[in-house]
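In the two complexes below, chain A is the common chain; its partner is chain B in one and chain C in the other.
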Partner chain A sequence: MTAKADVGYHARQHARWRLSEVAFWVLVLAGALLFPSRYLIMTDILRLGLFALSLDLILGYAGVVSLGHAAFFGVGAYSAGLLALHGIIPEPVLALLAAGLIATGVGFLTSFLVIRGVDLTRLMVTLGIALLLEALAERFSNITGGSDGLQGIEMQPILGLFAFDMFGKVGFFYCLAVLFILFLLARRIVHSPFGLSLRAIRNNPLRAAAIGIPVNRRLIAVYTLSAFYAGIAGALFTQTTALASLDVFAFERSADLMLVLVIGGTGYLYGGLIGAVAFKMLQEVFSTITPQYWQFWIGLVLVVIVLVGRARMHRWALWLPNLVIRQFAGRKAVVVVPERDAS
Partner chain B sequence: MSIRSQMLLAAGAVAGVLALAPASAQDAVKIGLILPMTGGQASTGKQIDNAVKLYMQQNGDTVAGRKIEIILKDDAAVPDNTKRLAQELIVNDKVNFIAGFGVTPAALAAAPLATQGKIPQIVMAAGTSIITERSPYIVRTSFTLAQSSTIIGDWAAKNGIKKVATLTSDYAPGNDALNFFRQNFTAGGGEIVEEVKVPLANPDFAPFLQRMKDSKPDAVFVFVPAGQGGNFMKQYAERGLDKSGIKVIGPGDVMDDDLLNGMGDAALGTVTAHLYSTAHPSAANKEFVAAYKKAFNSRPGFMAVGGYDGIRLIYEALKKTGGKTDGDALIEAMKGMKWESPRGPISIDPETRDIVQNIYIRKVEKVDGELYNVEFATFEAVKDSGKTKK
Partner chain C sequence: MTTLFTILFDGVAYGMLLFVLACGLAVTLGLMNFVNLAHGAFAMTGGYVCAVLVNNSGWPFFAALPLAFVSSALIGVVLERSLYRHLYTRSHLDQVLFSIGLTFMSVASVDYIMGSSRIFIKLPSALEGQFDFFGVGIGRYRLMIIVICGLLTVALQLILAKTRFGSRLRAAVDDPRAASGLGINVPQVFAFTFAFGCGLAGLGGALSAEILGLDPYFPLKFMIYFLIVVTVGGSSSITGPFLASLLLGIGDVAGKYYVPKLGPFVIYTIMIVILIWRPNGLFGRAATR
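This part shows the complex of A and B:
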């Protein structure tokens, strides 16, 4: 067996669908059917999950940090809003794509700024871009509606068939479908040679360059791709809420996204989704218990998560199931292994 | 494998939280109170929440044989949160009223839901004229900026103020305030020498104040949302505008009673037109202020009064319908309702479902070592001129 075939073999092994992944998506679908009264918050989670997935693509796979990912979310959101408001592309799916492509364009243009410099510079540059766009949106309030937001957006039925309803059912399944398709795409990409080269860059850009990987071009490509994902997430936001306000560019949105990935972990695609679930749930629970001081509790939980470490928490949470498996199946449980790419 | 472990956690969390969806007594009347309890507008939310609690303490939590249940939600004044929360309250919690709404965009975001769900939406804070036109189920107990801005415009023109520079927050209420002020002030012979709009989310007034100072007006007309007034006056004093002889006038939001005492002597002499002052000399108000101070150890501002009257309106409407919670019947019951509020006599305009109230011209003075907006002129039963114009 040649060395090349060997690498290919391992890559393919990694790329195979695991039972647990299938189970994850089955669970998601089950959740959708089990809690028909909670579509709205679940839609929120899906959007956040997709958004987190987009950051994971650059952070987890290419090692590019960003504190301004809301920039693309916002561009996507306003694009979708304006397309619908002025009836340019009334059909939501096409408008979604168009909004995603506009965000992609912005991502491509700004990627040249971002790939220069190292982590700290990148944090500042990305943050700056988001702030810049927010200020622009506020300045051109005749187009964006300024602080009042884009009012009066009316969404047409999806594909002319499914109208958005008040209970958020259609919106939820629409988001779920989009998320799943984009997830498949992302999964395919990160397991491709392109994805592997990104990991090489993340681990050591100098060495990656030495073995002939065009580092900058790859980074530009993945950053642009990530912008597309974020733009789609933003467009979904506008389409399902029929609202776009300056808040889509807010720093808090970018910062929350980091928190989601802190909770969920990076570099295995599911981190963003799981983090989004956990983050929204925490928010929901705490703000129901104490509408005034929920931020304190969220902060506390995050500090604890970081101090204790994700891997250890998994061990604690899975102590009982593992015990059961050990007792009854008589074998060592496999669920305690920390995610391989946690860094 | 790791993914499986993550998944199990997530699944557990989802099941746990989603199951929390409350299921409570059938016969309770539920009111979804959506307020900014965190973020820049938190003081608004806090005041309204306090006032609602106070009213329920004073009047019991049962009306027409039905228990009143308040479900408080924090939207941080972000309209998409408001919309989601309102939707969840209506769909899941089956609330009979949605109330609160700290800022105009939030109230507007919820309006289509009120219409779809036929749920009365009681606006307790937001003050843009158009709000009540967005749904036939909206009733307002706060105020509109047109009410106070037209009156301060007239007053300024009649009281020797010739040149005015304006500083307003750049969003719907700010534009309302500016337009109505400009209309009445220039009609009275005044001149506006400089118009500055400040971003809502950027409470740094210093660069704008410098421009104000340079244009040397007789007065500056200021509208910033309740809660930003303290910051404004601080920077106003820091820039030395208080010593330059330039007066501050405006709708009363900038001189919110809640923050007035913290503004210091720079605020002395400021003349504003507004619906409520803690110093309003009526028995009803003295009682309200004393009870509020006792319960929360702070001064009630106009936001608190909006909340207090809002919950009162709900109580009275329920009494009138005999506890029935049909949306149309409740709105019918609310139309034309009159009562004596801590702010003075008020009523709900049956045509527009907007509030009709007295607007007072007040001046900041020191009384017993504390700053108060002391009322010296009253304009009675002012309707929202944003609508009567049409």
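This part shows the complex of A and C:
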């Protein structure tokens, strides 16, 4: 077997659907049918999961740290809101795509700023872009509604067939469908040669460039893709809540997103989804203890996670499932910590 | 013409204030390469300590200022020894997450203890109002800020350039391994510098309550300003951040005066353009990492 065929063989082996992955999605669907009274919060989790997935594409796979990912979420949210409000594209699925594409455009334009410079400059530039967009949205209040936000958005039925109901059932399944489709796409992308080259860049940009990977072009591509995902997440937010306000750009949103991804683990696609579930549960628990000050506990979780060490924490969390798998299936663990974290 | 001078004066006062607030960060982030987004929390602590002392315990304002410095520095050294020092060698992502966590905790705790509304520090009557200087209105409080901050800047520059501690710090930053090989206690130097930077932030927080406003969201609101000072100013010396904060101060005041509709838009745009043009800051040296 030649080296090239060998690489292809292993890549394909990695890309195969595993039983645990199927089980994960069955579990998601089961959750949807088991808790019919909790559609709103579950929709929230799905959106957050999709948003986290988009950050994972650049942070986990390409190693680009962003403090302003809410920028694209906000662009998507406002685009979807404006498209629906003025009846430009009344049909939600088309509007979703359009909003995603607008965010993609913004992502492509700003990617040139982001690929320059070191970590610190990237942090600043991404944060700056999000703040800039927030300031812009506040400034053009005749379009965006200023600090009151976009009001009076009325959503048309999806594909002209399914109208949004007040219990959020349609909204939930709509989000689930979008998340699943985009997840499949992301899965295909990260297992493609393109995805492999991204991981090479994350592990060592210099070496990646030396073996002939066009580092900057790949980073621009993945940053743009990630903006598309974030834009879709934002558009889903507007479409399911019929609301878009300035806080879609807020720094807290970007910071919470980091926490989501860190809880779930970076560098594998399920990290964002698992993290979103865990984060929402934590938030529920904390806000029942101290309604006004739940941010304190979120901060504490962040500090503890970093001090314990992210990799170590994930090993602890996976200890029990792996033990069970080893005992019963008699083979090596299916769920493993991603071999290297983003640095 | 006189409005121009007034803007210049207010801008300089604002910039000096930003410099005192941010110069601790210039050392930790610029020199020690630690992304400390929680720097504003130390400033807020100093501000609140000063406010409590002046408003509730009836201390004179000028006696409360040093205490603001000391309390922030103490908290800084405790946190540095217990938490921060474990993270010097970690990735930037870890540092960002850790310091965001600290910021959230500080915001929620201050909100819990002091309430969420903006608080004011009672100023002595000698500092209120303004006087006329060749037709230019000079605020007494702002003049005091310029004097205090100007003296501090000169003192800092002298300490860094002339004293033994300054040369130790520069050595420890340039090459920690070689420095400790020469018998410099690098962790101690870092801890002291960190505490001093936090103390300065605390002092700045106390001074800024009047101008920037003091509420529990201070660390989040002004985080970007501190970061701008450091990244735009670069990390090679104390003069870079100083000039950057003056630029930022004057730019912000002038922007708010001449184009009030654009708001903070001007500042962010300038920052992004400068960072694109010179990723290591206006006055930076070659890439540090």
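Note that in this section the second predicted complex is superposed on the first by the 300 of 343 C-alpha atoms of A that agree within 3 Å, B and C clash if a C-alpha of one lies under 4 Å from a C-alpha of the other, contacts with A are read in each partner's own complex, and residues count from 1 in each chain.
One rule holds for everything that comes next: contacts are C-beta pairs under 8 Å (C-beta built on N, C-alpha and C of every residue); 3 or more make two chains touch, one makes a residue touch a chain.
Owing to the predicted nature of the structure, the values given are computational and were not obtained by experimental measurement.
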First (chain B), second (chain C), both or neither touched by A:303: second
Residues of chain A touched, compared between chain B and chain C (which is higher): B
Which superposed partner A:138 touches (first chain B, second chain C, both, neither): both
First, second, both or neither for A:23, with chain B first and chain C second: first
Which of chain B and chain C A:44 touches, first, second, both or neither: first
Which superposed partner A:318 touches (first chain B, second chain C, both, neither): first
Chain B versus chain C as contact partner of A:295, first or second or both or neither: both
First, second, both or neither for A:161, with chain B first and chain C second: neither
Shared chain A contacts, counted only where both chain B and chain C touch the same residue: 138, 292, 294-295, 342
Contacting residues of chain C [partner chain A, same complex]: 29, 35, 83, 86-87, 90-94, 96-98, 100-109, 111-112, 220, 223-224, 227-228, 231, 261-265, 268-269, 271-272, 275-276, 279-280, 287-289
Chain B residues touching chain A - in the complex, by the definition given at the top: 1-18, 20-21, 35, 37-38, 42, 46, 72-74, 78-80, 83-84, 87-88, 90-92, 104-105, 108-109, 112-113, 116-117, 169-172, 199-201
Chain A to chain B touching residues, read off their complex: 18-21, 23-24, 27, 31, 34-35, 37-38, 40-41, 44, 138, 141, 146-149, 151, 166-168, 237, 241-243, 245-247, 264-265, 268, 270-271, 273-274, 277-278, 281, 284-285, 287-288, 291-292, 294-295, 314, 317-318, 321, 334-340, 342
Touching residues (chain side chain A, partner chain C) in the complex: 59, 65, 67, 113, 116-121, 123-125, 127-129, 131-132, 135-136, 138-139, 251-252, 255, 258-259, 262, 292-296, 298-303, 305-307, 310, 342-343
